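Below you'll find a set of structures to go through.
Both of the next two complexes hold chain A, though its partner changes from chain B to chain C.
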Partner chain A sequence: MASIQSATQLREKLPFNWGSLLRWLGIAMLLLWLIAPMIPLFIWSIAYRWFFPNILPASYNMRAWEYAFSPAAGALESLYITTYIAVVVTLLSILVGVPAGRALGLHRFRGKRIIELLILSPTIIPSLAVILGIHVVFIRLGIANSVLGVILVHLIPGLPYMTLVMAGVFANYDPQFEEQARSLGAGPIATIWYVMIPTVMPGIIVGGLFTFLISWAQYITTLIIGGGRVQTLPLKLFNFVSSTDYPVTGALGIIFIAPGVLVLLLTSRYLTGRSAVGGIGNI
Partner chain B sequence: MTQVRLADLTKIFDDDFAAVNDLSLDIESGTLTALLGPSGCGKTTTMKMIAGLLRPTAGDIYFNDNSILDIAPEKRGAVMVFQNYLLFPYMNVGDNIGFGLKMRRVDKREIRRRVAEMLELVQLPGIEKRKPSQLSGGQQQRVALARALIVEPNVLLLDEPLSNLDAHLRDEMRELVRSIQRELQITTIFVTHDQEEAVVLADEIALMFDGVLQQYAPPAEFFEAPSTVAIARFFGGLNFIPGTLENGAIHCPCGSFQAPKSGVKAGVSTLSIRPEAIQLGGRGHNDVEGVIRSHVYVGRYARFRIDIGEFQVEAVTEPSQVQHHQDGSTVTLHFPPEKIWVLPPEEEHKDEGNESAG
Partner chain C sequence: MRFPSPQTDRGRQNLRIALLLTPAISLIILLFMGGLLMGFIRSLNYFPLIGLNEPNLEAYRLVFTDREFFASFLLTFHIAFTSTVIASILAVGAALLLRPTFRGKKIISFFFQMNLTFPHLVGAIGILFLFSQSGFLARILTNADVISRPSEFPALIYDRYAIGIILQYIWKEIPFIGVIVLAVLQSVGEDYEAVAQSLGANRWQRFRYVTLPLIMPGVLSASVIVFAFTFGAYEIPFLLGRSYPAALPVLAVRSYTDVDLAAKPQAMAMAMVIAVLATMMILAYMNLTRRYVRSS
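Right after this comes the complex of A and B.
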């Protein structure tokens, strides 16, 4: 106890805390990095008459925003369906990725390397070829052009991330904590709930965040499997980009980017956590 | 009130390595038994099998004559405290200690009350809100002990729970463990590789080498009547002289000695005598001539190394003896008959106990 006290006193006596300065600098850089790209988008979204070579538009109005939030644009509907798909994909990835990552990280078994390669393969094999193949299968199964089909196809890039992050986390996991819990009176399910999940939570958050953003940003997979019927934000956005209505594109762009930035900021403390770093470092 | 019986308990790892081999123990209800042995001899493996965390390869475990092999660990009423305490790092001390009660759906306020009580008991009052990472190793061990005791187990399994305490605190905690165990009458099995700790604490000691039970007896017997040379060595025995036992006397190359106490009947055997039992100066019987090779003055006592023919023995005596005996001088040693213990002849591979005894 004495040593803890004196350490605190020592820290208080120091004239300046360089560690915390560095931390704040880092956070400021991160904010800049995330928010800077949104600035021109925002200017575009409220610009009225913006001609070369002017640095700023001649005047502003809210037409693009009004349109973006009007039912005619369908942006809100897209926002809803994109969020819905990303959340379901994330939950499914957690459900599969945590046990799979546990098996990979905790146990040694024959053929483990091959399984790891197989898990990685969606990120190695050109996705277009895979997706076209899957499309054919999905048509047969009758789930092409449906939200379900899109969710399933988003799992292909999403699940490997989740699994590998969790494998990294479980490689540093001591299963004796579970034995201790059992011995103290916890059943198998209580042990998962009170011991395993809290311990690997930073990994679940980081992996879930990745998976959410991967699903959120899917374009080609949604386009092909959704057959244009499932209009997620990236598809919507692309429509407006090609229609050259830059203010509306700008507004939609912000709607598209903002949630990702928000999620990232809210969970940033887990990204710097040791278990998260361990997880990524182990890939 | 739980009596524990291990019957031919065996655990084989990787198809051919027997970490625990044919272990049979009968542990009386409410006693404290020390599982003693050098590192890697299978102590933790045994404890985990009793706790239900490892399934034995063969054999059985009985609590009060009922086999518990098919009972889940959380339902056995046996709680294990691990060697490395394993406090849940994301919970504070209070939640750690209260964990077992929470699993038993005890009322929150009751849990809080009993946690405070337990912390008093292990002399760490009022630290409920601290995180395990803010505690010293010794404090963590005491919290781990409290976390096990709070559920009032029938069988308490302690895997070296005092190894990280400094000497003063360790004595205090030994007392504490002993008094709690006596008071609550918990059948306790206690792992240690420290023979002194086993002797101080235990009612019975089960000594294991390489997964095999060597001797299971009250502490004094390991000093007075060890069953092999290796056991005697593990308990600090140093003096072994080969000989032949015949009609209550052992005949060694250096002489013959009356030896009424023996672990063998007759034939080829080993004379053993503890260093503190050897007396400098003859008594007319059971004497032998030796040459002092060296001595150390320790303050509380003196230690002599003495050559007897081709054998060497150590004698621990009053410190004043250094004034009467110089190195290189001849001395008559007396082996009191009742202090001689005759053992079976020493086996070839004998070293494992010896090395880790210190």
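Right after this comes the complex of A and C.
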């Protein structure tokens, strides 16, 4: 009994709380783990001579960065084509995924479970298993080795996320607002534009962010369907890391992650809400 | 004036649902199911254009008698299973750490989410630079006199147990699962835990009997996605793994890009096997976990 009492007294006397110290230690370790792989990536991009066992390079230069931005590397071209593909894929996913999400989130109907499974199937069956067969069809259709072909296959892994996020948002959506707008004389298009879209915008942003990033990071689908002709950034990066040019790999790696971080900076506040991300947790 | 009968109302509703779903469903059926079907046809050695008119199971025989295939399957399963389990546990821990309000929460949450935006490929490169035998960590340990040569640093890249690959997946998937868990935690609030506390539950009991059952469905859904992804991913095992045995996706791409055209049906057969294996494992997993969620 005495020991319990003294323990409580001790806790009251301490200037800080051990629990919170442990929490901060945990948070610090988590943070370190999250950024650790990016540290050597950044150092390599400005390293000139970095031999073992030096922790830091003997000297620095900007060769890798100059090369990465020179026309010879083709990185800017890749940046453009990767962005173009990802933006088109995102817009198409919104056009297709928002209506599907509305149907799944707002309505109950027979066969709903099967439709859900069908839409989810690309997240379960690896795209690699599907891409080889699609390649055969695309060769016959004449859209292999083309940007169009690459856009179409990027839709496969992207669309389920868009639809899931939207289904989650529409599950909390009250369609009576639409009826009120209609009763006040708004047409169907005005209702969609002024009532529905603004209400579900957080979902569109989060789903769009996921889809953009999924398309942005695609490697094997682009390689097979694009046949090496559609040189997106991941393909470029892969070539450089395979040829062990680490400084250029570092510079391209940073160029490759920058747009995602930028987009996140603009949309971060939407990512914390239950409404949008929660949809993925509802499988 | 004519009022619509309940039946026609119902019919219009169904028509509306069908219209909303048509674009998504047709895209998935045409592209996804079409690709699967085409791969299946080709895996049967059926290709009339070049005179192969007799479907057969030769490609599957070749796949299943290949010794590398089984080693490959075991390796791929090990990678997917180990990464998913470790990442899920750590993600729950991370979510609990980041849940309460504290000073600097915004910035730390941003770093957490930032990791979500990094492509796996960049993560693989970072892990390579960090954990290879002459990598950043080996350099730090050498300077701290813990090791004296690169070869004394444990082989974590291109190693038998695929540790580098697993580390990369853990690095990438903690924030993915964590963000979903945080969203679930935010939506359920703290009321249930407060009630449990007022009834005398200690910290562990509150976690085990209140918080965990609440977040479990979210964790399980997220881990299904993670398992499927890690089972079917190509570039990470290609960059950080051994060439023998290679992960199943690496094996499939290798035979698909083989100059020998006869290897193509085998690649298609392997793609089909990957699809079936992934589906079977996910269905078994969902069945098991659904029972768990119901019972608790």
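Just so it is clear, the second predicted complex is superposed on the first by the 236 of 283 C-alpha atoms of A that agree within 3 Å, B and C clash if a C-alpha of one lies under 4 Å from a C-alpha of the other, contacts with A are read in each partner's own complex, and residues count from 1 in each chain.
The rule is simple: contacts are C-beta pairs under 8 Å (C-beta built on N, C-alpha and C of every residue); 3 or more make two chains touch, one makes a residue touch a chain.
What you are looking at is a predicted structure, and each value in this text was computed from that prediction instead of being measured.
What is the contact status of A:Gln176 with respect to chain B (first) and chain C (second): first, second, both, or neither?
In the superposed model, A:Gln176 contacts chain B only, not chain C.
With the two structures laid over each other on chain A, which partner does A:Pro40 touch: chain B (first), chain C (second), both, or neither?
The second partner, chain C, only.
Counting only touches as set out at the top, which of chain B and chain C does A:Leu184 meet: first, second, both, neither?
A:Leu184 contacts chain B only, not chain C.
Using the superposition described at the top, determine whether chain B or chain C touches more residues of chain A.
C
Looking at the overlay, what does A:Ala64 touch: chain B (first), chain C (second), both, or neither?
A:Ala64 contacts neither chain B nor chain C.
Have a look at where A:Pro198 lands relative to chain B and chain C in the superposition and call it first, second, both or neither.
first
Considering only the defined contacts, which chain A positions touch chain B in the complex?
Counting only chain A, the residues touching chain B are 4, 174, 176-177, 179-187, 190, 194-195, 198-199.
Which positions of chain C touch chain A when the two form their complex?
13-14, 17, 19-21, 23-25, 27-29, 31-32, 34-42, 93-94, 97-98, 102, 108-123, 125-130, 134-136, 138-140, 142-143, 150, 171, 174-175, 179-180, 182-184, 186-187, 217-218, 221-222, 224-225, 228-229, 231-235, 239, 249, 252-253, 256, 267-268, 271-272, 274-275, 278-279, 282
Taking the touch rule as given, give the residues of chain A at its contact with chain C in the complex, in rising order.
Against chain C, chain A makes touches at 23, 26-27, 30-31, 33-41, 43-44, 52-55, 95-97, 99-100, 102-104, 107, 109, 115, 118-119, 121-134, 136-137, 152-153, 155-156, 159, 163, 209, 213, 216-217, 219-220, 224, 234, 237-238, 241, 246, 249-250, 253, 256-257, 260-261, 263-264, 268, 271-274, 276-278, 280-283.
So in the complex, the part of chain B that touches chain A is made up of which residues?
Spelled out, the residues of chain B in touch with chain A are 48, 51-53, 72-74, 78-80, 82, 84, 86, 88-90, 99-100, 103-104, 134, 147-148, 151, 157.
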